[in-house]
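Structure, as structure tokens:
Chain naming follows the written order as A, B, C, D and E, and within any one chain the residues start at number 1.
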């Protein structure tokens, strides 16, 4: 029941939002809607029984597909993340004005719907539906309200991801016809006994879609451009949550269904991911645009998660689970800061900024905390995740862990660089009359910070929430 | 049978009312009334209540497949007339004749969707083609229109020759013109059947504009008056597919593995040529012509895999395709300038129209929640079910990705580009109809069963 | 080598030769005339096959009405002189080669097919009586349909041909 | 529970509270309030530590488990504190010295504006908190938390004056160098998890015997990498001298007394592992020794008062590692303690001088401060003597214990060590002489303002001076008095396991030991006398030449690093960004798009508009299809 | 017996005419002549159909003397003639219209629509 609510609330409110012409009221409306979603998802944490967390209804009988949703530990975590993210985004971007704001917020809520659906669907075809539905609003958001190069860039992003999912569609169909009880439901798909050859082919039909979405090296080139060009609010959605769709899909639909092939090619995939980490970190070091820097750092982090997933031991997987949440929180925090800086000073170029710490000490402090979480300093949330992931990767193969470890150092380099160039040093004419952030921005960032520390100091609840998912996955994977 | 008879009759009615009614503007009302009448007649058809009751010695075969398609065709035609009826008056003086010809075409559509005999097929195709030659050339002052008409006629006649040759060989092989084919004992296909099959396939490919027999399509669609292009590209083309599928299911269904490879080649060629060539077009009208070729490539999967999924799929697909294309043409007709730049900033002037156009385009591109997606989905499913070559599917998918390029160019123009494009004389009823069309597309995309496919089993 | 065969060969040779001349002759009028000859030859074949009805129809409809129509149009456009400028030579060659290939493929495909016999001379299915019965019994539907076809063709011809608008 | 050890969490908690109060209330709190809070929390936790120390001294020790930190699958890492002799001793040093330095700071930082003053104390408290976590941590992960925490705080404090770009660079360098070390540490931890399935000290050490020597060597070496980063050993030492950018009390606290000794603490803590891995033990010894010498040579030619002290710190740390390497764990810890006293003293003294000279740090512009700053002068002198290792000052005992052990390991160690000691004596007194003796060389404006520092600064000096003088008496070697080495006795439970692993077969006989001591002391004295004569008259003002130049430029190590790591990394990143990313991968992706466009432009031409060619193409298509149908398939 | 002919003769004759028609379509530029060539193709088909009808008639004749198998083919030919007559009327009308507007029926000038 709650599962259905999680989709319905944003869907309905989103459609309604299109008709609210007044900017202030549509902002409030969107905020209220997202808060409602948050309430429901928290509620779903409390009521973990069947009645609340499962919903199923006949939909396309002769296609063997049904409209069935379900919340498991991982689903709860990711829906919670999504539900937290949107209010944060809405408040953080409250000050920035978008023309046709009703369309903007409507589309935002629709993309929320799509994301929720992806995390909730327990039917492969339904999953595919939402997978696309999350993409389309994002496309419109990016290329209507984005930067000057937005149209080609976001189009590339769209076609790239769309192509990936089309190939996946073929895979889905093959899976359906192989499936003896002609059904798309999660349970029946997990039961299929695939021949090795079928696994090989199907795996490579599914994986690209997810690899592009995550994205991992070398499928990542759409990402920095898109992040750079799209409005920050959308960038937050893309990087905070949509990126998780890829990982989630790997955990939910790829590894359990094709364990053998996943094992067979784990070295290739992990190798690429690890190389990608170093590669992305290196590139991040020479970026001047804050958004690009964050984008590349995100690629590096995702690379680690993907690699660890395919290492496939419980420690690492557990790490990935909670890191999905933590990375979402941290990177949204980073984007909020970027957004605040850009809105105040009108530029994202680090070379043009500097000395903001004198003008906006609170902003500086909060950013430093978020940035340190980004480099996984102990007692911040990211440390727990990365510790577990590295440990898992280490179990899989020492050398991957060592190489991946180098990215920790590189991360420190570019992050501190960023802090120094933007916040320290002396002010210049761009930043000389900067002011500190106001209360609701403080509020948002402090929410982020509180999450960072609470997850970092006492991660136990989150771990327990996802324990079951991890065990089942690892169980299948063994 | 009702529909066939009534449409023919109504064609005559249109002709004569042309003699007695002076004002042009009445014509479309009579026509709309006619289509409504046809829908009623079709309702009786659906329940097997036939006015003129006679057995056709197996020349016709009324099954749910054909009947449902006739319904789709009639609904599409109704929408088409409601949306663009007024623009037909602008084409030339012989308004009533145009409508009459449209009704004759409808008669042909009715025939080819229920035929059960090569003779009927031949007559049906001709009865569709000949009025279309005329309608293509309807804009007599316009050289492009003339040229299109002549090209269409010459190539059409040529394809008729090929069709007949095919029929002749099939007859030579089996001695009757009935569609049913006796099961082939020998592992190798008799040569005469093989040749006949190829020639029939080619002739039908020509009608549905599948490569490499598609060359007439862009020129004719481009040259013909836009209203008639809209009709040609939707109802007529879909009817061609129904005929194609029926032919290959009933006649050659028993020997699929002998010809699937050949069809696969045609599919591949059609998809690639259609999509890739569309990319570079500058005129939306011409782009839509190529897009219709690429869509045909997808519909051919139904011919490739003649199974129940394919038949349901082709119905759904043609419904989705007709609705979306009619919608887009209805918008296109209202535009001053048919190039992509002509759409720049339409969302400013006409937010609703732009939004609906976006839905039509998304449906054509096959984005989920639109009927277009499910259509493509069924095609793929059918193809996979009847066992296909993965490379072909991959090609198809790549082509879909390419198609996104040219469909989204319009969306980009409407929403993201600055400009002052505007649609002329947009009435609220027109908007309402567009909304209705879009709603149909969405509904078909979400609940295909309750709106279409369940009948397939009921009837 | 009985008389039928001799006639067959003569008519075939005539048909093919005059068909070639249709294609080759520069002057459209000549082409038309040669085409009429082809039709006559084919009608001759119909006689050989004892399809009397078709023999008549072919003469009247084709060799008579249709070809005269052609002739009129050509005269109307006074194309009787060989005004047709030369088409691109390569296209011509390509055309011929393509046609030849088509023929080759046919021959290659059909040469090995088992040969059945064709009844010449007698047999009464080609007689008007028989065909008329069939036409107005089981083939009445196509007959009606073809009337619609004619109707549409007529309307079309009027729409297109009517002058002055 | 009446057991006092269960209140151990108070010790780190108090500084944390201080940090939070000062950090959040920085805009509201007055300086006095801030100082009271900042120092107060420390005083209390010092008191608690003393209390705990006492109870530990009375023989009880335990592992206090607070809560489950990370538990995934089989791996379970509790948040636990290890309270025993070693940690309690460090508790005393950290909180005690820490308190003094806080006190000192209240005066030293007084010119800072309110907010920044508060920020300073917040950082300082946070540092103390992390340092306490480090030493209290009951397993390697908790230790690592503190380990990185202190790194962070040192980063924040070095870059305290964030307007100055050089300072920021120094801070960044420090953090990154530390990070490199931390990676080693982390890998070691993972390896441990793999081997032992746990990181708790007790479990690890008890299982250590069963593990192959190779693995242990690997783990210990990786740990040592971490240590080199934190404790500024070759090759990662270059950040420490730069770290002098921070305020002087910070240098005293972090970069002399406490943080830099974390490496020693960690190795002493895992002494069992090292004892079982002789190879890494000797690596530690050699690296330590090399560092000691290298730093000493550099220190000789430095003119910045703090730089000299920094290099001397590095070299002293080298001694400690030497000690660890040769198995004299007690000695090492002993030296940590004494070094904390006298090096803190020296830094604070230097701070006092700088304070008086208005942030002048170049000793070439000083001299003759003796009479102007009597207290500072006296305490500084005591500190110099202590570090030079003249009996009976503290430095003598601790250093000599290490040297003796080194001699046992191999005489070569001893010789080099003594050479280092001699240099130490030399540059320390070069510093002393050119700062306090001779004539004043600064501007008269400075001379005019010269004044002794306020009580808040001198009191810590005096206290530390006393400690520096007396501190050695807790570890009087056997030579002079049987089992007067109370420290050794106190720490024995920690090192017991290693002790029994290596049977001390021949203790050095006393006459020989005394001889060695005498030798080292005499050499040191010679160096001192020479230095004082040489520099009290005419200090070297001209630029150094030849070898001197090389030394003055720190053997060009920074330049070397930049050349072999810094520049290539930058180059390769730029290459990735401009070539591989833009032209390579993205180029390929875009290339597909361009390719489609091109193909489209070409395919268009098929649509020539000529009916003839259309039909021709159709016929060709027909032929092909027929061939396929009839002859291929 | 007298008056039997192998079907292949007719097949090849018809195909020959058909191909000649195709060649004509491909090589001529005059729309009318192209159209005539198409008519030629249709006639080839007619001939073939009649031949086939007689062939099938003969095949059945042995078993059933009273059969009228093959009638349908001849009727088909009849319909083909009908349809082609209709086509001719329309086609010539279109050609005439073209000629009125451009004073040429040369298909090579039909290139306003391309690409």
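Just so it is clear, a residue touches a chain if its C-beta (ideal position, glycine included) is under 8 Å from a C-beta of that chain, and two chains touch if they have at least 3 such contacts.
Values in this document were obtained by computation on a predicted structure and should not be read as measured data.
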Chains in simultaneous contact with chain B and chain C: D, E
Chain C reached from chain A - shortest hop count over touching chains: 2
Touching both chain C and chain D (chains): B, E
Top chain pair, ranked by number of contacting C-beta pairs: C-E
Chain whose Cα centroid lies at the greatest distance from that of chain B: D
Per Cα centroids, the chain farthest from chain E: D
Chain nearest the global centroid, as defined over all protein CA atoms shown: A
Cα-centroid distance, chain C relative to chain E, in whole angstrom: 5
Rounded Å distance between chain D and chain E, as computed from the means of their C-alpha atoms: 99
Centre distance in Å when chain A and chain E are each reduced to the mean of their C-alpha atoms: 67
Distance from chain D to chain A - Cα centre to Cα centre, in angstrom: 37
Residue list for chain B, restricted to those that touch at least two other chains: 119, 123, 126, 130, 133-134, 137, 140, 149, 151, 154, 158, 191, 194-195, 218-219, 405
Overlap residues in chain D, where contacts from two or more other chains coincide: 604, 607, 609, 611-612, 615-616, 619-620, 622, 626, 630
Multi-partner residues of chain A (at least 2 other chains): none
Interchain contacts, given as pairs of chains that touch: A-B, A-D, B-C, B-D, B-E, C-D, C-E, D-E
Sites on chain E touched by chain D in the complex: 22, 25-26, 29, 34, 107-108, 110-115
Chain C-facing residues of chain E, complex: 2-13, 15-17, 19-30, 32-33, 35-37, 39-40, 43, 46-47, 50-51, 53-55, 57-59, 61, 68-72, 74-75, 77-79, 81-90, 92-97, 99, 105-106, 108
Touch list for chain C against partner chain D, complex: 87, 91, 94-95, 98-99, 101-102, 105, 108-109
In the complex, chain D residues that touch chain C: 612-613, 616, 619-620, 622-623, 626-627, 630-631
Footprint of chain B on chain E - complex, ascending: 7, 11, 14, 18, 21, 25, 31, 34-35, 38, 41-42, 44-45, 48-49, 52, 55-56, 59, 69, 72-73, 75-76, 79-80, 83, 86-87, 90-91, 94-95, 97-98, 101-102, 107, 110, 112-114
